[in-house]
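Structures follow.
The two complexes that follow have chain A in common; it is paired with chain B in the first and with chain C in the second.
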Partner chain A sequence: MKERKDLTNRLQNGKISRRDFIKLMLATGASATAIGGVLAACAPEPAATAVATSAATEAVAAATEAVAKPLSVEGKLTMKLRAAFMPQGNEILKVIVEDWGQKNNIPVEVDITSMNDLQTIAATAAETGAGPDIIEINQGSAHLFAEKLADVSDVCDDLGSRYGGFYTAAEEACKVNGAWLSVPRFFAPHAISYRTDHFATIGASVPKTWEELYEIGKALVDAGLPPIAFPLGHAVGDGNDFNYSVLWSHGASDVASDGKTVTIDSVETRAAIEYMQRLFSVMPADTLSYDDASNNRAFLASAISATNNASTIWGAARNQSTKYKTKDADGKEVEKNLHEVTDHFVYPEGPAGRVTYAEFMSSAVFSYSKNVDAAKALLTYLNEREQLTPWVNPNLGFVFPTLMGVKDDLLMPWNTTPKLAPFKDYAETSHLPGFPSTNFRSGTDAYAKWVVVDMFASVCGGLASVDDAIATAKALLEESYKA
Partner chain B sequence: MQSSLRIRKITKGIVVTIGLLFFIVILLFPFYWMFITSIKPDSELYDTAQPPMQLLKPTLEHYVYLIENTRFLLWLKNSALVATVSTAVSIVIGTLAAYSLARLRFRGSRTLGLTIFITYLVPTTLIFLPLAYVIRSLGLFDKQIALMITYPTFLIPFCTWLLMGYFKGIPRELEESAMVDGATRLQALRMIILPIMLPGIVSAALFAFTLSWNEFVYALTLAQTEAIKTLPTGIVSQLVLADVYFWGSLMAAALLGSVPIAILYSFFLEYYVKGMTAGAVKG
Partner chain C sequence: MQSSPTAETKKISKLEQFSIWFNQEKILGPALVAPAVLILLLLIAYPFCVAIWLSMTDKVIARSDTGNFIWFANFTKLFKDSIFQRTTINTFNYALVSVFFKLILGLLMALVLDEVKIFKNFFRGILLLPWIVPTSLSALGFLWMFDSQFSILNRFLLDWGLIQEKIIWLGTPATAMISVQLVNIWRGIPFFGISLLAGLQSIPQELYEAADIDGASAWSKFWNVTFPLLMPVTAVVTLFSIVQTFADFQIVYVLTRGGPVNSTHLFATLTHQTAILAGRLGEGAAVSLFMFPILVIAVILQLRYLQNQD
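Coming up: the complex of A and B.
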């Protein structure tokens, strides 16, 4: 147990040589004996060890089979991946890919870049038929690029059968007309980041419902403490995540299950908007212009007490030793570590329970690629337990595997770090735009047009009445779902 | 009378100085902001209670991070190479095109000049996909030369349009005299017109270099491999990780990245001004 904790701490603090760690983790795939040894050293529960050992043994068998069939590529295998917020996590991912290339004698070029760049690169690849062999795409992009992507059903079926299947949202994003067109890679799970000291000052506990969250927001304002703040601007991740989650958890949706009938004009939508108006009354006005970085910046500056986000606020505060000012027992101003008073709680429930938006990435192989087989082999390798763990762990909860069977693995960050525990069940309640239908192509189109976010924002910002906002949203949604 | 002249002189001096100071502050403020952000520790960057212009504990940690943890120097070199080649190509072609359009009489020259200008106005976001398609067809996708070829598509119209104005400002009589004396058209251009045009060419080159240096969309789509990235795309890819922005290092990169441009301007500006004040038809 102690060894496991030490290892995790050293890794998350970047104090372990990444190559050493990779070697250690890759060694787990070298032989069943080695796997048993390492996991036994790490795991307190024999049952968990047995399950892990069994799964890993299967992985070794599959890997051995893969080695038997030599891979080859034309030129080199190129890939563009989304950067996670922890530099060491990105570095480890590079090392894993390069190690695979060396083992298989395949030149691999991996570039890890920002999400915004990836969208342009993927669009260019789809339109021109030129670009990297593998590109990480977000949300339901597989539906938009469907005609341009290689079928990767064999990879997904293999991984799914070995690791307990994929989460529903992963299927929603990657399965098009029954075929997997992109290999699910990770969720960037969201929760509410909050200041434990401010909540304690007003005597608030973790809210279970959106209504309770509003009450906390009001109490914070009344107490003169920094307010809660949720994005109502064009924040690709946080904005969509928050607004869709509020909409769905109020029982509303933009489309019916037939994927054609627009259902935004409903009693439930009105209830969601009414709630959002009240919530906005206890939030700063600049939330209307929040982008993805705005709430991070405000929280790190101690200007707000709670916001929805991935684990990046807490992680950045921890990495950069961000301070906040407070007073000690003698009334003297002192600086303390912000991450110590930052924690997370799961998205609250609405009248329809907890339904959340999935921030999601998958790895697509474009059909222009001349290296489809090698790309598939690499994607299989990357999503195996032995490679997932060393990559997921140092990312401090920012990446969450899409395979259901690895969530409980002992070295996953939500199992080693209590503050990350609220991220553990995010994927189970998450969906993609287009939910509750299966028309994710149109849902993705509507999401790209910011229909839901703008509907809420226009009312909160006083630009439109509830009726007008719904009418505008309805017209735009009908355009999307008609197409 | 003398004191009135003196007062007028002093007043003029004060007005000019205030005007200049105003513009200096406006123009230099972004650089000051970049600089102060780049040497502030994160604790001060996120402290909203601290006045933004105030700096308590300067640090070089953001510069160290930039140099040690990113490929900043390589991207700087790539930017310099791409910008230099594209500028050189564009200036040569742009000068010849501008001369033709300004001097030679042929049907449609006016329309052609206007079309070239309109080409410059087409936003890159509109044509990057067709251009990417062309580059792929040429087998140059994800190669540095792709940028050297595509940048002139907006630099040549720009240079042509700019230089046409300069050509029109030079009396035809100068080259006609040279041609009467036995020079060919090209000789007249090279030996008579171009030396006079030098200030204009320097201006066009400076602007073209700056446009290439700052270009983002083509660089993002056509040069995707880390080793051939230019500065604008490189720093964004490694200093914006998810929703975490490395503000200090981003500002350090922006500041260091603008140094070559600033040096170029300061070096050529003097030459440019000298050229402007020593025109061929100066009385």
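Coming up: the complex of A and C.
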């Protein structure tokens, strides 16, 4: 125990790298859960997650035993996983996988890579029938690759029955014609990151509706404060997340529930576009060029007051002790920690309530794999509570489990850190492109073509009239949903 | 132990026989060309034929069936597709404007480098850098330079009083296109510069001396000696550049992903989006093949020009 305390102190004082820390802690026999808790707490501001540390160190669960049936693999078990934006989360994930390999005497090769590369890797693997055994794929890609994926229903049924079932969006993404073809892995939950100090200056409280958000945006501009800013560019995660959410929560959709009839030309769509135009009038024009990193950079540089994102802006500000300039009581300029004035609120409601876009990843086992059984065993292992908690926890809200039963676990970041609470209910209102139908194959097609994002962007950017933008979107959607 | 003289003569004569046989032009020629032809067939001709086949099917990624043969349906569909129409205009704009500036600036670079007498290799070396650095890396560097918040370009332009407010480089269709063209031009100038420099140095000095004796001005020497004699090299280099620029992918993929609102999509990036991300291989192949006739025309024009030169 003393040894572990020493290690924790060294980590807190920056005398040891996180990776070494994880390895040494494992050597002392500490559980992954405990290590995850310490990692989560050991960012620059430990106070916020003090609960996590104490709870984590107490919850030293017995090390999970190796799976009963001996597993064997041909060559190595290879996998490509999506990199989370929290380095500590990737590090512990790698250790958990390698640990499993050692316990089961299976050589594993883990490669953690960016989301955009994964899609190309998966498409190539599916078409050529060669590649890693497990690839993490995004959104409704399981529908795209359906024929080339191994049936993982046994894994999902087992996990689902043990942990309260999967969220609807996870089922939308991974269940094809009644069979699970990919194991749901995580949501990258979104909320609006905002500056509490700027909101306080204009006397604004957290907005409940999109309309209230616009009013706040306007007040910020009037007060000469940094504006709100939401991406209208080809930003794979943030752009789709924001634009689909605005569309759906206005009661509009690209397709009817039959999965065939294109419904974009509607009163509701017009209302959504009209709203977006107003919102754009209080946003910086460069939001038209935002990629997934632009809003993070702008927020961290104190150039904007609110944007939609995963918890990574706050997380990065905390990890790196990012500063912002302000005046103290005597009017002297001082630097303070940005994360202290950064908080989150849930996506506002539209006329149709709160409907959000699911940024979602699942782990697919390709049927060409000669190691399907080992891959399934690993995926079961990774999604069990004992391994889920230590990985979810240090990701500080960037990953959200797809199993409904674990979100209330005491150690989950949104339960230990009040600022992450708004991410807790994200998955319940979330859907994939193709919603409200079940034609996610075509929905993914429309999503890949940026139809919804470009419809809003072309009107806001003055490139098309509302009618033209809708007509263009309609023509493209009809192509997508024809197949 | 020594082998018997008769056996040795026999051995040599066999080797000689082979060597005589192999040295015939009709054997040696094809034998030497074979490896290159094999590589071309395997890596160029085969994928090309597959692409033609794919473009006439409705093949979808990750399906076991090979797709239905639908003749030219993909192509006729593309003609009506608003994103494709936009992409065609973009590609022409991107390639023609970029190649034009690369040619002019590359020629200037060659003429200047030809005059540089000190640290010759040093200057040639550093000017080649943009061409050597991997495109995706330099494009990432430009992503920062064009960043709407932190653009160093804007900073300079503002400081020098050339602009009054920040330019949103990648946020409006016009500036986004100019931005990707700028990067392409920056990257392509050294290719033109160094190739034309080699061309310049192969022009016999006597011609210039003769021109000097005739009292020709610098401009007249350029126009009557340098330019015509540089033309063959220029034609070849321009051809290469047109082919490469039409097929460009990385700069746009890194900087804009085809945005804003598809205003920078090129054939290659649209192919990636259609075939890989949306999974429609057949249609994606059709997009990429639209480049083919354009490039064939470019090649024919250039080759014809070169033949006339001979």
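Going forward, the second predicted complex is superposed on the first by the 417 of 483 C-alpha atoms of A that agree within 3 Å, B and C clash if a C-alpha of one lies under 4 Å from a C-alpha of the other, contacts with A are read in each partner's own complex, and residues count from 1 in each chain.
One rule holds in what follows: a residue touches a chain if its C-beta (ideal position, glycine included) is under 8 Å from a C-beta of that chain, and two chains touch if they have at least 3 such contacts.
Since the structure is predicted, the reported quantities are computational estimates derived from the model, not experimental observations.
Peer 1: For A:444, using the defined touch cut-off, is the partner it touches chain B, chain C, both, or neither? Pick first, second, both or neither.
Peer 2: Second partner only, chain C.
Peer 1: Regarding the shared-chain residue A:297, is it in contact with chain B (first), chain C (second), both, or neither?
Peer 2: both
Peer 1: Report for A:356: first if it touches chain B alone, second if chain C alone, otherwise both or neither.
Peer 2: Touch status of A:356: no partner.
Peer 1: Classify the contacts of A:458 with the two partner chains as first (chain B alone), second (chain C alone), both, or neither.
Peer 2: second
Peer 1: Which partner does A:323 contact after superposing on A: first (chain B), second (chain C), both, neither?
Peer 2: In the superposed model, A:323 contacts chain B only, not chain C.
Peer 1: Check the residue A:312 against both partner chains and state whether it touches chain B (first), chain C (second), both, or neither.
Peer 2: It touches chain B, and chain C stays clear.
Peer 1: Could you look at A:389 and tell me whether it touches chain B, chain C, both or neither (first, second, both, neither)?
Peer 2: Neither chain B nor chain C is touched by A:389.
Peer 1: Which partner does A:84 contact after superposing on A: first (chain B), second (chain C), both, neither?
Peer 2: A:84 contacts chain B only, not chain C.
Peer 1: Now for A:402: first (chain B), second (chain C), both, or neither, which partner does it touch?
Peer 2: In the superposed model, A:402 contacts neither chain B nor chain C.
Peer 1: Identify the residues of chain A that lie in both the chain B contact region and the chain C contact region.
Peer 2: 120, 123-124, 127, 297, 301, 303
Peer 1: For chain B, which residues are in contact with chain A within the complex?
Peer 2: Within the complex, chain B touches chain A at residues 42-43, 46-49, 69, 128-129, 132-133, 135-136, 141-142, 217, 220-221, 224-226, 233, 236-238, 240-245.
Peer 1: Would you pull the chain A residues touching chain C in the complex into a rising list?
Peer 2: 119-120, 123-124, 126-127, 144-148, 232-234, 236, 284-291, 294, 297-298, 301, 303, 444-445, 448-450, 454, 457-458, 461, 463, 472, 475-476, 479, 483
Peer 1: In their complex, what parts of chain C are in touch with chain A?
Peer 2: 60-64, 77, 81-83, 147-150, 166, 168-173, 176, 256-263, 272-274, 276-281
Peer 1: Can you tell me which positions in chain A touch chain B when the two form their complex?
Peer 2: Touching chain B: residues 78, 80, 82-87, 90, 109, 111-117, 120-121, 123-124, 127-132, 188, 237-238, 292-293, 296-297, 300-303, 309-310, 312, 315-316, 320-323, 325, 335, 398 of chain A.
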